[in-house]
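Single-structure report; data block below.
For clarity, chains are labelled A, B and C in written order, and residue numbers in each chain start from 1.
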């Protein structure tokens, strides 16, 4: 089905880790704004696909890619020099929070600072705004100087969201952001992302089908490195076309 | 079993302690006086303590930046092939006997300091001084500081680095703000181990440092570190009253300082690397 | 953006400079000792003991020191090994792994860090107490005291690297703890243990501070444990301290010999480890 104005276009992308092919000939468009989920059993390549959108896969040794990934029309795999600018536009929230070894304030301010923002007033404003958008402000506003390592995992994950928002991305990549959290925190994080989907393109990797059903506007199904099916969420879940999709949705493969 | 090792340590301490029966002088007097005239019964350790500190301090000032930068390079920037070649070479440095560093010090460092460095500052010196000692010691502690620092840097979790990159940081920004900050106590441990090593070094230092028992006025003055004191005078230990106690006290001081620093450093290492 | 790149390039430059300094100083030490000593290096240096007047420039060699160091280092390494191996095995298998074990490991690390001059002074006081004179025996005892913590921890590290599944496999087949250790662990750890022993031998061979006070010095090759013994590092030290240029040169030549022996040990240790790796499970 046709998507007008996709933010990300993938064209015949193949990714190899050494001799192992993680993604096979992926071609798909990711719509602007809204939540696009990437689902599939573990090991099918969801994270690889996600991390190719901000070129973070190059951190893993011995990676080879063929094909293209266009973000707003620019082929990020071949045409860009400065990957740090790309990562301003395309942010990532990982499965485990990984707070930086600094205070809560500095965690959020880290992004703007490394991109050149120095003014204290500006930083204060950014920190407050992003912590609010992540739904964390109320809980930490009186202890911004405390180490980020001291807050709970659920709070750390929302902090992760806040610091990603601080660099003003257009795209939010989320790699199973709630899998490591307790149900209440997971709900919190999910709610915040849901609120943000109006203004951001969110690409959300998950292996929890119920979660995908809850939040997706658009769904991609990956199986063993191949893109099996992709469609609007309603159509995808109610009327899957490919037998593998049906099998997965029915819980026969996982 | 644990007890026996503790006993060894304590025995060492006790025996050392039982001998310096310096009931004649108070500890503060000994440590703070710089009058060293054993024949008169004056045993002021201050010049030796200061000498040891100065020489060790110089070596730290030289070695720490070089080692941290090298360790960062090895851990964060170098390819695994480079690492495979360089690390054994650095370990080789650790295996060289100290007398050979002494030889090198005498033939290379001392003339260098005498003929090239001192004139830059308008100073005349024989070259046998604290600076030469510091330079030789610095080289000797390269291996330990580099290897421990490299270990703690690599122990920084990948996820933390990934988060930094995901926010658009460059490698250097990630190293500066995340990796170094996260491993700062570990790096401190490495430096402390280097300090201990330099503090207790004997042979190489004796050969280049001048061995004059005065508090140095500058790095171009000779000094007389504690280990050198013991090594140079053990033969005459029994010839003067209390001289043997004095030398034993030096040994005890060395033991305590080095032991103390090592304990702290190893505890830090244990916490970080999870031994 | 340019500022960021510039800063990174600047520090990268500093890093490379640092590495250059480190490697360069290693090279410098080798080259200096070699260049200064090679002209005095001769067969007689290695095969003769010092004749009268050697230290004034007359004939002779440092055979006394070479053999002396060999005796001393072998004795000390063997003596340490006798204690180190059991202690390391105990730590690995029988000690339980709780806080007590880490306490022991830490204590060993601390002992390993104590400067050898302190061991020398300690032994010296014992010698006075016993009324003994400097001798090969005391040299061996002192150096092995110094070596033991280091060797124990080195072997300990090798043992700790044993893959966990070996233990399960062995026990599943019905072995006792002792059988597991003696038949499986030792074989797996053999290259590493050999390496640790050789490195310790190298340390024993190259140490001067501890033997200065306890082993004495002599121009002869010791024939009994109670004889004083010359060691190569001290030979270097004493020769370079003389005012006579020929003798000083011999110091460097002796240094070459010392360096050569240490390097050979290092290479042998690596080669031997590789050879013995055939049965080792990775």
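The rule is short, and it goes like this: a contact is a pair of C-beta atoms (placed from the backbone, for glycine too) under 8 Å apart; a residue touches a chain by one contact, two chains touch by 3 or more.
Just so it is clear, the structure is predicted and the values come from calculations on it, not from any experiment.
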| item | value |
| --- | --- |
| Closest chain to the centre of mass proxy, which here is the mean CA position | B |
| Top-ranked pair of chains - ranking by C-beta pairs in contact | B-C |
| Furthest chain, CA centroid comparison against chain B | A |
| Rounded Å distance between chain A and chain C, as computed from the means of their C-alpha atoms | 54 |
| Chain B and chain C, separation of their C-alpha mean positions in angstrom | 19 |
| Whole-Å gap between the CA centroids of chain A and chain B | 49 |
| Multi-partner residues of chain B (each touching 2 or more other chains) | 170, 173 |
| Touching two or more other chains - residues of chain C | 4 |
| Multi-partner residues of chain A (at least 2 other chains) | 84, 114 |
| Chain A to chain B touching residues, read off their complex | 54, 56, 59, 84-88, 91-92, 94, 96, 98, 100-102, 110-111, 114-115, 160, 163-164, 167 |
| Chain B-facing residues of chain C, complex | 4-5, 7-8, 11-12, 14-19, 21-23, 25-26, 28-29, 32-33, 36, 90, 95, 100, 102-111, 113-118, 120-122, 124-126, 128, 199, 202-203, 205-209, 212-213, 233-234, 236-237, 240, 251-252, 255, 258-259, 262-263, 266 |
| Sites on chain B touched by chain C in the complex | 1-2, 5-6, 8-9, 12, 15-16, 19, 65-67, 69-70, 72-74, 77, 86, 89-90, 92-93, 95-104, 106-108, 139, 142, 146, 170-173, 193, 196-197, 199-203, 207, 227, 230-231, 234, 237-238, 244, 247-248, 250-251, 254-255, 258-259, 262-263, 266-267, 270, 275 |
| Residues of chain B that touch chain A when the two form their complex | 157, 159-170, 173, 177-178, 181-182 |
